[in-house]
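Heads up, there are several structures right after this.
What follows is a pair of complexes built around chain A, which joins chain B in one and chain C in the other.
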Partner chain A sequence: MNHYFKSTPLKAQIASILMACALSSTPTVFAKGVTDADIQNDTTTPGDVVSYGMGLRAQRHSPLDKINKDTVKHLVPAWAFSYGDEKQRGQEAQPLVYNGKIFVTASYSRMFAVDAKTGQELWQYDHRLPDGILPCCDVVNRGAALYDNLVIFGTLDAQLVALDQDTGKVVWKEKADDYKAGYSYTAAPIIVNGKVITGVAGGEFGIVGRVDARDAKTGKLVWTRPVIEGHMGYMVDKDGNKKDNGMTGDAIGKTWPGDMWKYGGGATWLGGTYDADTNLLFFGTGNPAPWNSHTRPGDNLYTASTLAINPDTGKIVWHYQTSPNDSWDFDGVNEFIPFDFEKDGKTIKAGAKADRNGFFYVLDRTNGKLLSASKFLPDLNWAEGIDLKTGRPIEKAGMRPGNPSDAKDGKKGTSAFTIPSFLGGKNWMPMAYSPDTGYFYVPSNDWGMDIWNEPVTYKKGAAYLGAGFTIKPIHDDHIGVLRAIDPTNGKIVWEQKNVAPLWGGVLSTAGGLVFTGTPEGYLKAFDAKTGEELWKFQTGSGVVGVPVTWEQDGEQFVAVPSGWGGAVPLWGGDVAKKINHLNQGGSLWVFKLHAN
Partner chain B sequence: MWRIYRLGLMALLPMNVLAIPVDPLNSVQWTTMYNRFLKDYPVQFDSRVQVLAPEQAENSMQVPLAVKVEGLQTIEEILIFADFNPLPKVLTFYPQQALPFIGFRIKLQQASPIRAAVRTADGWHVGGKWVDAAGGGCTLPSAARNSGVWESQLGQVQGRIWQQPSAQRVRFRVIHPMDTGLASGIPKFHLEEINLQDATGKTLAQIKPAEPVSENPIFSIEFPKNLPLPTLHISGRDNNANKIKAELIP
Partner chain C sequence: MIKPQWVIGACVGLLLCGNIAAEGLEKIKEKGALRVALYKDFPPYSFVDAEQKTRGIDVDIARALAAKLGVSMNQMPVTAGESMVDDLRNSVWKGHYLGGGVADVMLHVPVDARFAEDNPKVKIFAPYFQEQVTLAYNPKRIPNLPSLQVLLDHKVGVELDSVASVFLTSTMQGLLRNSVKHYPKFTDALVAFQKGEVSAVMGQRGQIESGLAKDQPVIYSESPMPGLIQKWTVGLAVKADNPVLATELEQAMKALQKDGTLAKIFAEYHVNYAAAEEVKH
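For the complex of A and B:
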């Protein structure tokens, strides 16, 4: 332990936490189950990973440093675990680690519990899915939440399922919504003060996004908050009685024409983050529905926004809209990561978001005011920048697809070529923040699209787009780029290009490393300061999952799911040339340092 | 050394073997079944435990089966298993207020003894019968899987109470595909608990079905004539926690 005490006070603090962990790792203590304190402290307890984001702020930074710039060359597989079956589609999950077990979700609403040391399966849960599920963008799942003795995840038929961590038996199950209307569930739930907080998916089917809070032990609804102006939120008391909890937005029809708000979209499909300092949940909201923006003049609140919600009351505290009257499926669902930085001797309580629209936003997380916005896609062409006073984009002329009613036949409007494409400067894959370097590590994609609009009307359970599109690469040598961004000035500090689009999450460690995967099958480690590639390993199929790290019995481990899929092969347009040779898979890889 | 070791082993073996009664059905799986399900209590074969089933299964997906117990008191549970099924455990029945009788259908993978083990204060009383079968019952997809309608009717219950001279017979059907998980690409999906309760919520009997119980199972059980049954509540869940809930009124 000596080297810890020689270093900074921060590290000494971590060392003491590590020791506390080591002391408490007896079965009697673990038998208590995951507590709210365990979840709140997840960032500083590297003996486990009990939340999506490795802490509710989702910075995805670990204080572990045994695997570092010097030792990473000795990183080798400890074991690999196959998900089996014919269901080898995109594996986008972040594993959780607790009590010597890894809990990882997989395509088609499956969950595996695996012995963290040996890779041996402990149990498996295959959710029975109806034939008519309507996932827009592959049959993925992004992870689970742990609470008490439960492991909780959502399914493609829009149900929440809580399993016993030891046996895999279903303890409770609640229907989030009607899958036949287009609802589904793919995000990882989060747990805040005993409540399991979830969103919904289905923005391509005219659903209405919302945030739900349930009692994590029973699954019973506590409050629900629709995110589209005009819809009523409510709370549910202990006897199951609904009570009105105020309408979302200022007035019906203020930012929507007619009754377009009724099927207004704003899917909260990626879940959210939480900050204990401000006691706020941060949920991104998706694209307005339909895609054809000529049908819904106005800002269309609160689509393509970040919402700050009080977890106790279910009320919206502030909102920040990144793409008003979105015309490009630049949905604003991306994770908002709370972080602090120093400016003029003061600590700024900030939060950052790398938006689908290609801008990197830094907001004051106490009130949602814009502090800065910069392009993290240098080729971004649809806006000049973001007006710092109004917080609105300064759009360039001619970058919106034309109104189909202006065309002679009324069937197809003029096309626009925009960068980024609708799959975004950054899509679902979570970025990481290192308090050591002060940089955000953003998995981004340089690509554009031709997009045009068509007439459309709402029909339950049918795609509600009114747009056609084709995605195009804009560089010969790459689409994907891992970018390190300094949030204090918005500058790109370093970048690492990748031929195929990046689609996996990022992990940062105190070892000065940044991990992420590639569709070509590699898990890679980069120098967090310089971006130099220090290590890679071929996992056999594309890595679109989220890596995590933890410590067990004095050894540091890294885990990542492998299995190519997700939205890119389904929606990828011309990009197919760069990816159609990639093969599917479905496995969990775990790495550790080679002994000696 | 070798001799001593082997002698020691021989001395031990007969003791273990003696503890397991000789199987009247002469099944090579008997020892395995004994160790898996029965070894914690004394075991005796008992003609008072009757398994009623056809000599030969005409349809391996739907083999009719009834278990009837006469003359045994204070029954804790009735465990039904089929030696040669890939998943041998079929069902556990806790009669409580019900008579020791249950009828339903099962999937049979191949010719096999079907046994009922009845646990009372003095241990297991086992009865059983060989049923011949062509094979394939457990590894085929349910019919509902192909029809696509399983989900819209899932968990529906139909049933009736009949007054008979000797008992009140309850018969009910639950719509459920009862997938074993052994057909490729189709996850395990089956009813795992059914509770029969009176109007006050008191449990009168409990059934814990396992994978081999047939699709859309129909259960027949009997209550004594002197048990008041103005209404019977049926509730339960499957392994995905989909719930069933129904009320039978005579």
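For the complex of A and C:
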């Protein structure tokens, strides 16, 4: 379905015919099309936002400073745009801005193109979702990628769709995987040298995570790299012939027992980043399957890891695993953000990751060697720290749930209380890095979970040996905390607490500001150096989207989607009490400075 | 991730359907249909056969129950979540947050005091079948199985992420891990057993009995399986505040048992009927 206007289907049809005619008679006059150079330079061209992360390194930092510590108090709405429909679920997207248009994806695999100045809808694309899709945590979408005249995004039924930026018409559509087998897609793709690079999402036991590269203009597969040890990668030549491209890992199932590597999990559900200096893609991988770690002793490579992959060859250059033999669903998909810093007069090519497991890692991005690791969750309790020599966590005893098949007489096993909970010290929501302050701004959550083995559970009508878990807040006054972290020493420089869990992305600007949203509905601006709250605006529903900023006709704009949802409201327990009252929504808010 | 599993139904995709809610008995009779939640891809209980026909033991029982109420049966296919707590919430008492409504009754729900306690929003009743998880082996391959250790030299086929998989890969400090062969569906494991790719299979007795050819030599293991609940009873679940429907369905189920309908239905799928009464609680 493809709506040009919110009107009757007949009107929409006529409009689409008129638009098609107009386009065929006047070939793309304004749009030269997004080039690889545009994408590579996204960070330094504030007139547009052509990539997820506002640059492939995903630092989410803008050089714009018209909106700054002094002027932010004059920030007011320019316009708001409603997504309409009954499909008001979590709006986790980052908008893109190009050629006077904003492209924003929405819940249920929808995409809108809106006039950036007026907020008027240009077109809407509603992906037709089949019955029986099995995405995980709400029907979110995190954003799109721009290339040439295309805007490309993934759908809940695991398809990649490329639309014409001007008309919203489908140019190509490729199946990323089989939704019937439990695959899905919610992340924003990235474009590197003409290739669209994606991961896969899917929670079902039986899936294997991988990274795919396709020709961005046609959608045809170029290479695919499975992330679990023992699986073969391959390349596809121009005639569509598959060619072996080497096995992932050293040996089949080296760190897995039996045949469990075949179905090892490791979903790459959050996408990746790219660094041109080293020509490396960085992709995080998800938790191993099955959930019960007692059935799969070993490190279970490369689950819960960051992988560095050469985008030209599709080969893994290095890996770093954050949670070996993951027993808590800590997962490892969090974004790895390349950045440089000076140490002893030398420039260190580094990268940072705030992992679901509560540790903030700084690695040498050329080789994956650990430089430092610190707790960004001060209450973190499952490990003493990270061994700097081995790079492995120093686990505390008794922090893993017991083996359910050791349970006596079907009794509930011993319970462990771990911090963070399985929703993570930080979940999907992207952090930002400011080269001005040198700090990372991490949207984090202080919460823990009771986790125990459960010999009496049932699954599909049958007895099952599973686990029980309950998420619990650990402080009375907050769960969410926006933290500024100095990556050179791992210290928390400032923090700003929030009652509900934080679930939205962060934006940093040269105006000395840090923007992020709250489930309570606010978009807020903080002083990047001190953390002082300088501005807030109530958007009417929870903000779990990702803010961006750009400049048009001499004015600086800030945009953020609003619409409460995502994984948090799907979980009950004590956390629910803090969020039950929040209302859903679906809109895009754009702000600018009030003209005096 | 640990996930709540769910499905977008046809209704949701089109956003056309009204509010489908579990109805009291009167409304069901007025409507002329009983909406029954049945698992998808669950042979021999509920599945779609080669001719795209929905068949199965639970499907036939659901039809027979509806007939006793004097109405037709309307099926609500359920994709199994990570725990049946999710399935009961999505299919019986609350409905999935994406819409699609709830069923009047769900089949194949374990009748277990603790499970019932954990699910106070539903009433679980009318036990109709004793389920069992068991290991079946080929006597030509394994002449004798006094203990599970014998399996060290053999391959055992199991369904991915099933209780059999968790048990065999974690029992005896994981001694048998390398003997386990995983299959996406249990029917795939049964095919491998028939082809001789594995010497044994472990899963639900009904699935094994129904899935193996009659002439396939097979022995059911008597070896103890410590830590594993091997037998449980399944029954029906309705919303807790619907006692009239529960009473009527319970009577209907008793009648089906008494007049031999249940045994006949199980026999049609080559499953030995194990009445729920045999289970001691």
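Just so it is clear, the second predicted complex is superposed on the first by the 541 of 596 C-alpha atoms of A that agree within 3 Å, B and C clash if a C-alpha of one lies under 4 Å from a C-alpha of the other, contacts with A are read in each partner's own complex, and residues count from 1 in each chain.
Here, a residue touches a chain if its C-beta (ideal position, glycine included) is under 8 Å from a C-beta of that chain, and two chains touch if they have at least 3 such contacts.
In this text the structure is predicted, and so the values were computed from the model without any measurement.
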item	value
Partner chain in contact with A:Glu86 - chain B first, chain C second, else both or neither	both
First, second, both or neither for A:Pro297, with chain B first and chain C second	second
First (chain B), second (chain C), both or neither touched by A:Leu570	second
Winner by number of chain A residues touched, once chain B and chain C are compared	C
Partner chain(s) touched by A:Ile133 [first = chain B, second = chain C, both, neither]	second
Which superposed partner A:Thr218 touches (first chain B, second chain C, both, neither)	neither
Partner chain(s) touched by A:Thr118 [first = chain B, second = chain C, both, neither]	neither
First (chain B), second (chain C), both or neither touched by A:Thr457	second
Those residues of chain A which chain B touches in one complex and chain C touches in the other	85-87, 128, 130-132
Chain B partner contacts - residues on chain A that touch it in the complex	85-87, 126-128, 130-132, 161, 169-173
Residues of chain B that touch chain A when the two form their complex	148, 151, 179, 181, 184-185, 187-189, 237, 239-242
Residue ranges of chain C touching chain A (in the complex, touch as defined)	1-10, 13, 15, 39-40, 42, 45, 79-85, 87, 97-98, 108-110, 112, 114-115, 131, 133, 160-163, 165-167, 169-171, 174, 177-182, 184, 204, 226-230, 232, 234
Footprint of chain C on chain A - complex, ascending	85-87, 128-134, 136-137, 139, 156, 203, 205-206, 257-260, 262-263, 269, 286-287, 289-292, 294-297, 329, 331, 403-408, 410, 422, 455-466, 469, 567, 570-571
